[in-house]
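What follows is a pair of complexes built around chain A, which joins chain B in one and chain C in the other.
Up next is the complex of A and B:
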């Protein structure tokens, strides 16, 4: 299947510093991709490049079809009413599903006559997402859609996006630095760290392909591809890729998403990318 | 896009339109009142240059000054306001609120968004400037038959012809460019106010060079008989034909005047004229009105195009 989003050797520079370098990844159609990484990792930069807000200095990024974008802080025109925001979307887009947008807002209980500035943070996020969805995009790019929302609103926003996924051929790329928000909904993982791509792959396959090992610090890690290790007293815990080491003193289990992400973020030199055979490449 | 432009900028558009309408009513009322006054009080043959028309001219002059003082500030302040409230927020506010990331990720490409906004708002600003010019041009002749000052008085000159339109457009584009520079509204507003003031002073200084000044030699008086001419410079011409700034060894006694009297200076000048000196005046006659109007409008249009190009370039190059 052709990818919904494909970046090749992507490099973005702000004056002298590289915000993103040598980034090659693809997200298959129909996936919900989580873009994670610490602050300043290049998540927003990658998204801006994908939706055309930035011109890359090197390489290219390609979206199959139309992309819709919800920027960080969900910008809307505060003096507009919700209905006027819909009119804005209608007049600024060639593809626009007005009925679906109005219907969605009605279901969410957001009054069309209310001014944007009079909406709660969660409602503003829903309006921003509604605008993006009403363009009937092939790729929906959401930059920190859950930031500044209370837990209930986080859940509502996520659930309503997932509900839209069901009806259409939509691919979603959403960023967050809170991995637990993404666990239930995402099935593709992209990890950025310090402007470099560390992980890109299906979440199930990644979790299946890694092990968390715990054992005494004397145990040998020979024969395993170690992503990262941490010590607590005489106990060692490490994330390995592929088969476990031969030493029988290790206890192995499948990692959680958060463990996998943290394991890579703590070892910026490690990478798990398609086409890379070795860890630490 | 047209609706979007209207919805986002309707406050500025409506306030400007209301202001122009208010000014129009004021000018119309004042012109009607003055015409009535003329009809009731004017001696036969007035207004005109006859001595009998003096009282009428004074009465009209007082009416003119009273109204003019209400909007005489406009040549400088109106462009500054246009730049600050039409230009500076156009991009400055979008960047400031982050809404540019909303506006520029829709189907309408960034260049088109910018082109529609710049052309629609630019056209509105030009129309507003022309309307002001038209209203002032219709109003002034009611009071000023025979005494014109549209050329010599720089304030009036900037309010008639194509000048207001050119200045308003220039200020609007300057504000837009300032918005891309600072990416915030308030600093862009400050820059545009300062920029308009500096530009106006600069062009005022420059305007002497729009054309080669005409030269005339006066004898018996140092005053040009055309009150609407723009004086560039003056010099004394010795009987030998040499032009000097200050006559030396003329043999005429020169005493300093005290208070507001100028009788010593006049006596000195009369003495010089008596010895065959002449007074050379370099000036621009009022017949150059349109030449000056179009020259200044041309300079402003070129500057607007350059600033507009800068704003477009900065916007398209780094939209994020």
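Up next is the complex of A and C:
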């Protein structure tokens, strides 16, 4: 199957600074891809390049079909009612499913007559996502859709996006700071760090392919591909890729998503990318 | 009908938790042959998980011959799946309770019991008994 999003040697430069360098990745169709990384890692830049809001200096990025984008600051007009936002979307877009949008808002219990300024943060996020979905995109790109929302609203927003996925062929790319929000919902992981791509792959496969090891600092790591290690007194914890080391003093377990992400972010020189057999150490 | 729930801190992957819960429901008789499993959309709307996870769990159950997908209708528990009956469960549970009492009297604690049971289970699997 052709990928929903594909970047090849993508490089984006703001004046003399590279925001993104040498980024090659592909996200398969039907996946929910999490884009994570610290501030300034290049997440928003990658999203802007993907939806055509900026032109790359090097390489290319390609979306199969139509992309819809929801920017981080939830681009809604405060003085508009929800119905007026819908009318606005209808006029601005050639592909537009008004009935689906109205139906979605009704199911979410968001009144059409209410002004945007009178909605809660969670409801505003839901309206922004609804407007993007009304364009019937093949790829839905969401920049920090859960930022500034309380845990209940975060859950509700993710739940409604997941429900959309169940009904149609849709691929989602979303960025977030809070990895725990993504654990059950995303099935593809893209980690950016300092403008470079560190990880891109299926989350289950990544978690199955890594181990968290703890053991005495005298234990040998020979035979393992170490992503990163940390020391506390005489104990060492490390994240390894592939098989565990031969030394039997290590205790091994499967990492959580957050441990995997943190392990890579703390070791910017390590990478887990398709076609790459080794990791830096 | 079955309602799934997730133990998010368990370290067990979500799709396996769904598989285990269906199997457990089959063992306990809360799911019976002919019963329909919730649709992916229903599970997603209650748990806020990725629909692919639900489909993966259902595919696994189908591969093991426990359920079958009927196009356009949903996923159903297969007719005539043979497992231990509820009566046998009760009998085996009684004898296991006896064994636990014995072991306790011999001074084994909770952890010892668990370790011993796991070892015996693993050995039995190796010998092809279980």
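In this section, the second predicted complex is superposed on the first by the 280 of 281 C-alpha atoms of A that agree within 3 Å, B and C clash if a C-alpha of one lies under 4 Å from a C-alpha of the other, contacts with A are read in each partner's own complex, and residues count from 1 in each chain.
Keep in mind that, in the parts below, contacts are C-beta pairs under 8 Å (C-beta built on N, C-alpha and C of every residue); 3 or more make two chains touch, one makes a residue touch a chain.
Everything quoted here is computed from the prediction, not taken from an experiment.
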item: Fit or clash between chain C and chain B when superposed on chain A; value: fit
item: Which of chain B and chain C A:256 touches, first, second, both or neither; value: second
item: Which of chain B and chain C A:48 touches, first, second, both or neither; value: first
item: Touching partner for A:32 - first (chain B), second (chain C), both, neither; value: second
item: First, second, both or neither for A:162, with chain B first and chain C second; value: second
item: First (chain B), second (chain C), both or neither touched by A:8; value: neither
item: First, second, both or neither for A:214, with chain B first and chain C second; value: neither
item: Of chain C and chain B, partner touching more chain A residues; value: B
item: Chain A as apex of chain B and chain C, Cα-centre angle in degrees (nearest 10); value: 150
item: Overlay on shared chain A, then closest C-alpha pair between chain B and chain C (Å); value: 26
item: Residues of chain A touching chain B in the complex; value: 48, 51-55, 66-69, 71-73, 75-78, 80, 84, 87-89, 91-95, 128, 131, 135
item: Chain A residues touching chain C - in the complex, by the definition given at the top; value: 30-32, 155, 158-159, 162-163, 165-167, 183-187, 204, 207, 253-254, 256
item: Complex interface listing, chain B residues touching chain A; value: 1, 3-4, 7-8, 97-99, 101-108, 317-320
item: Chain C - residues contacting chain A, complex; value: 6, 8, 11, 13-15, 39-41, 44-45, 47-53
